[in-house]
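Each of the next two complexes has chain A plus one more chain, namely chain B in the first and chain C in the second.
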Partner chain A sequence: MDEYSIPVPVKPPAEIESLYLPVPPWLEEKSKEGDELVLFVGPQHGGSGHMRLIVRVHGDVIREVIPDPGFVHRGVEKLAENKLYIQNIPLVERPAIMDCINMSLGYVRAIEKALDIEVPERAKYIRTMLAEVCRIGTHLYDAGILSVFLGHTTGFMWPFALRELTCEILMRVSGARITASYVVPGGVRRDVDRGTLNFISDAMTYIQQKSKDFEKVFIRNPVTIARMKDVGVLSRKEAIKYGVVGPFLRASGVEYDVRAVEPYDAYDELTWDVIVADDGDSYSRFLVRVNEIQQSIGIVRQCVKALKDMPEGKIAVDTKGKMLDSVKGTFFRTFGRLTLPAGEFTTLTEASRGTLLYTIVSDGKSNAPYRLRVVTPGWYYLKGFMESLKGCRLADLQAVYGSFGYFPPEADR
Partner chain B sequence: MKKDVNAENIEFLSSGLIAPIKKWGAKWSLWAVHLVTSCCGVELAHAYASGYDAERWGSLNFGMMRQTNLIIVEGTITKKMARALRITWEQMPDPKFVILIGACGIEGGLFWNSYHITRPWKIIPIDYFVPGCPPTPEGLISAIRALQKKIESGEAKTTAKFRETDLAKLLGTEVGKERKPPKPPLKIAEKPEIKIEPKEVEWEFGKKLIEELKNKMPFAEIFAIDINRIYIKTESKFYEKVAELLESEGFDHVKSLNVIDLPHENKFVVECSVSSYSVEELMPVIVTFSVEIPRDKPRIPSLIRFWPSIDYQEREMHDFFGVWFEGNPWMGNKFLLAPEVETPLRKDFKLEEPSYVLER
Partner chain C sequence: MLSYLLEMFRQNSVGIPLITRKVVLYHTANKIAYIPPLTSLFAKIPILNLIVALIFWKPFFAVLFAPGLVCILIAILFIIWFERKVTARVQWRYGPLEVSRNVGGIIQPMADGMRYFFQEVIVHREAHKPYFLQFPLITFLPVLLPILVIPAGTIYAINTPYSILVAIALISLIPMIIVAIGWASNSKYAYVGSLREAMMYFSYEIVLMIAAMSMVIIYGSANAIEIVKEQSTIPGILLNPFAALAFFVAIAMATSRFPFEIPEADQEVVFGPFIEYTGIIFGVVMTLAYEKLYLLCMLFSILFLGGWNGPFIPPLGDLSPALWLFLKTIGLMMIFVFFRTFYARYRLDQALKIGWSKLMALAMVALITGLGLGAVNVMGWL
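Up next, the complex of A and B:
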């Protein structure tokens, strides 16, 4: 067949051409040779997420995906160097606001490690309970976004309706629907009373009951299974090689969970299972998180029971180890102008989407960190995510994207 | 913005014979393009989900910008995203509207002095602002209702009413004069020393592991800084050698690559933390090895051949500090940052300091 040209004006108007982000020149050259196509997906695309994927396809089989992150890079690491230690707590939870407790927990624990203080028992349980509530919320959020990616609007509505309950819990406990800033060095901001504990317990029962319906509507839906089964497979070896984290690592058969490997707060006093799957495909990545919701509900119940048996009050300690009933008064004066001893303090936290690392480098003189290194789960598994797309069909890109629950503000920080 | 686009849109809707039909159509079909720009997207999703159901007012989140007439800018707009935002807005058919939610979009919010953000109202014309960090779904819905009223009546009305206050009198300064706020309690040392020193810990396995590593690396200084944390100090020529030995020990992935800038000593400290997934007893252990490199010629070999998982972190550190990792194929290109931002995490890159200006 002869080639013929179609006179379509494909050139964009000159005045907005300067707005285009540069593409590496070698990529442009590469796209012209052979029968490959280079596609640009995003930053405006059908699902949630704000990153550009540069996809090299042959036919409709993906050869390589080059990520272009940074659309939500806000410079948390630099800003943290210019704020007091305590002012950084709201800052570090902004990357993943639905996961606020886990995000601030890692940072606060690094401070506590440096000061060498032991948190009161009650505060430990409250932290653990809310961290798990956030985990349930985040997994539900990701399930909803996955449904949007698969074009399943009902599957978006269900988890978001259940998420309202986790927002309500955070609101009753901390006063904010999403950005709680609840964990402070030495404990938590305020106590949880009995009525709220009862509400949390009821909410867990409701989520557990309703998630059975969600299972019928979305999880066991033949369309969902057909779209995700055996798509975007990461073998155990690959997952380790590319340093994937969290539920996505466990879906590839590696039994690694920071909560079990290096327990913090009350995790070593509670019973729960590390969920592991062997397939490493998109569907098992999703199922691992679905099962983790059930485990988290169990943990929250145990925490509620323990908190009910405990006397109220005593939710914080100050720098000298004195127990406090409330963080009012001297608390912020002592912690506000905090200077950490010189050294390097690293904590690992199991955030909802995986390992979260904070490294505080302190010089011992300033009352702001000299350097704060934050590596979020999204940033860890980005490499594995890109590798798992190789060999998939282009139409599977959304399913794999959704199965990773990739949240760009979290990855870009 | 030279022309007043917002006023033009309203004028278009309220002119001609079929003006009532145009108004009615635009009012009940405010479809928002799916341009989730930042973390306020969480509350936007709630507003459109079953809890609040903004579809009741005819607003619906939709995929393509060509079929939509509303952008909801969700919070922070970075310098990189600003371009995408403008292009999306340009491609939408007229008449089009913009609602901006979140404190970051208004004056930067928590990130006001960040090196990578900009103000969305400098890029596209905004109809309504919704404050909050993040605003509640009710806030967003009331902005949609306000926009509907604006379409119908033709005039923009604020939904929040504040009492008028004479700012100059309140603050006791002249209008327009710059006024420094009370001094922040921030105290930053001029020429700090970064000392990482051994710590006495009760950790049997660690003592054994450190002995083992010491036998293999006689050229390095190895000690524990905490339980489960081992620190290795060495010279930059042994950087690859240490990596090779650690990889053969069973450390199979990278936890963190960190660069510490010490301008007064004219050096960068490059720290690489590794851990293991495949060896069970090494799982909680993080081994950090650090080398010092000159600040004016920051070149260091890439470790990508030992650990592919270090790839993006090396690209990131190249962006942040300008350290050149020899062997990483991406060097020389920007990865996270917008083209105009250069090495922002170096200590001599100063951020704007807070100051208040009264304006009328």
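Up next, the complex of A and C:
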């Protein structure tokens, strides 16, 4: 192949070489001295997601993994500064769309904290129920991704088919399969009728039954166990040191769950267990989430029962604490031009993949946040994820990746 | 000269009564109308008769039709469709459907092949260009050469007492070419993939050979025709089930079926040695594993399942044993591709460990069984 050079009088700016190169130039040379291979995994790779992993491999053993995230950075924090408070609700859901209720719940609770309003009982239960439905959906999604990373395509299709039910629930309740924007300051957008509650109950039974098949074909599969047992181990100490959160922290033996430690919504009125494992390897990180699906199903069942006993209506309050049957008509009048009192309002939420932090800084005059800080669980446990890869085999990269359920859009925000 | 050739071809031609007999269309009191047989259609035309005779010449027919190229093509097209369809059924999906809806999308692989034909073939700058383009075509050599010595009933090219040994030796050339492809691609992922292929080669090859040898010892011959004749009463899988199991697992390893789909793991090394190929060349290298699967399944059915033994179908003549062999081979291939639905893939070191510990122990048991049965001359008793 002949190559022709075109004489263009413009030279590429120096930043292209200095900024856009994923690794410093000396890394490649240094690795050659150490008998290493530098592999660029991603962002266009079947097992990388929307990020680049720069892997230094010695033989078949990983020496170091350098993450290169930011390919799906959308600037949620900056965008939020230019929008009204309620316009930010759809925005903060975007990082993790399958986990929409949990994502918006943290933000909305920060607003409610600033306004100092108490949400009606019914709305609390509806929020809790849908947050758990989203948790089930997200855990199923991650289980599917983990399966296909290990090459198990049936384990990929079945959880995704089951996840369809959680989308259906969200659609019947809120009107949207994902990105529901259902949680609003003061309550929820609309009420859940009895037929939908029956459907949710049936769907939970179906998911519980079908996850037994999934357990047979994937979770107890000898090949799965061989691939994930004692792989990517994070000890209790390391997990705390590297700031791992959520199910992955609990898999290392730390019993920390925001839902139990600082209960919000209806969590303190329901009975459920915090799932903890001791091994801290890929398999226990996966099993913790599998068991959390069962706990979430229990929580949803309790919420459905409580909601059936409650009188319908009264699902929101306005800024002055007046009960509303529906937000229709009044919502934009009360919340559209909302101005928060000056101050800093922080909430912690247990999203599906771990602790989710929202901080709203308000100057007291503007109807948009002065600053919105979002720290998503993916960003918290990225360091732990990279550390656990050291000493693994190259093929374990995907097993560990899947076991963390790492979701780059969420981490990049 | 030509007449001598013609005579040589005709003396050793495939007899298929279905197309060499005259077919009576109708006959009334004084008229009989025939369809002239296909082979005698060109019998008097100078060059065409030679070509037709050549096509039906047994060695040529064996390599080109059954059990050779055409059978491989049919098997590959069917098995790729079957793999996608059965996986889809297990996974609550439809699978290939829209191309030829009435027959369940069975010509989908053909449509894919045509798509490959019209795609651009990209040769990247770093590739060793001549080798990069040559090796996919050279792969047909070790795929088609074993056909010369693997007979299908009376259709064979070379009748040799070493047929099984020669076939296995030629089949084990395929990994060499895959490693060479990885080298010619000159890419990091291709490098990792070729290394994986070479490692897998180490882990299964000896087991495969020992398993085949233990059967050869029992039958007292490495000639495939002799071996199948010996199995007319009792198939080899009952004589030495250990050898059958070891050979079976070794085939799964050799053809990178699940759970040993390690060199081409698309989530880890993105088709490994074949990562840089595009267009029709990718289509060619992708079928390589299936071609190898076809050959090894054929060997498995000859060694353990009684080869072409089966009820004789008179209209097919010489094709009847070839058909039985083909059906057994396809059945085995279907079992192998079905593993995709319920297995993940092992890691490279785990596969090596399995190959050198459990599988090797099994092969040793098979060899001892084979030696014992061979010593008491079990075939003579039967």
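As a working rule, the second predicted complex is superposed on the first by the 384 of 413 C-alpha atoms of A that agree within 3 Å, B and C clash if a C-alpha of one lies under 4 Å from a C-alpha of the other, contacts with A are read in each partner's own complex, and residues count from 1 in each chain.
What we mean here is this: a contact is a pair of C-beta atoms (placed from the backbone, for glycine too) under 8 Å apart; a residue touches a chain by one contact, two chains touch by 3 or more.
Because the structure is predicted, anything quoted here is derived from the model rather than measured.
Once the two complexes are laid over each other on the shared chain, residue contacts for A:140 go to neither chain B nor chain C. In the superposed model, A:161 lies in contact with both chain B and chain C. Once chain A of one complex is fitted onto chain A of the other, the partner contacts of A:227 are limited to chain C, with no touch recorded for chain B. Once the two complexes are overlaid on the shared chain, A:39 sits against chain C while remaining clear of chain B. In the superposed model, A:361 makes contact with chain B only, not with chain C. Of the two partner chains placed by the overlay, only chain B lies in contact with A:71; chain C stays clear of it. When the two complexes are overlaid on their common chain A, residue A:130 makes contact with neither chain B nor chain C.
In the superposition on chain A, A:299 makes contact with neither chain B nor chain C.
Taken together, the two structures place residues 45-47, 156-158, 161 of chain A in contact with chain B in one case and with chain C in the other.
Chain A meets chain C in the complex at residues 1, 37, 39-40, 45-47, 60, 147-158, 161, 217-218, 221, 223-224, 226-227, 393-398. If you check the complex, the residues on chain B that touch chain A are 33-39, 41-43, 45-46, 49-51, 63-65, 76, 78, 80-81, 83-84, 86-88, 90, 110-111, 113-117, 133-134, 136, 185-189, 192-197, 199, 225-226, 228-229, 231, 252-256, 258, 260-261, 271, 273, 277-278, 283-284, 286, 288, 307-309, 311-313, 316, 320, 333-339, 344-345, 349, 351.
Listed in rising order, the residues of chain A touching chain B in the complex are 16, 19-22, 24, 43-50, 67-75, 77-79, 82-84, 90-91, 94-98, 113, 141, 144-145, 156-158, 160-161, 163-164, 167, 177-179, 240-243, 249, 254, 256, 261-262, 336-337, 339, 342-346, 348, 355, 357, 359, 361, 363-368, 370-371, 373, 375, 379-380, 382-383, 409, 412. Those residues of chain C whose C-beta lies close enough to touch chain A in the complex are 87, 90-93, 123, 125, 188-189, 191-192, 258-259, 261-262, 265-268, 270, 340-350.
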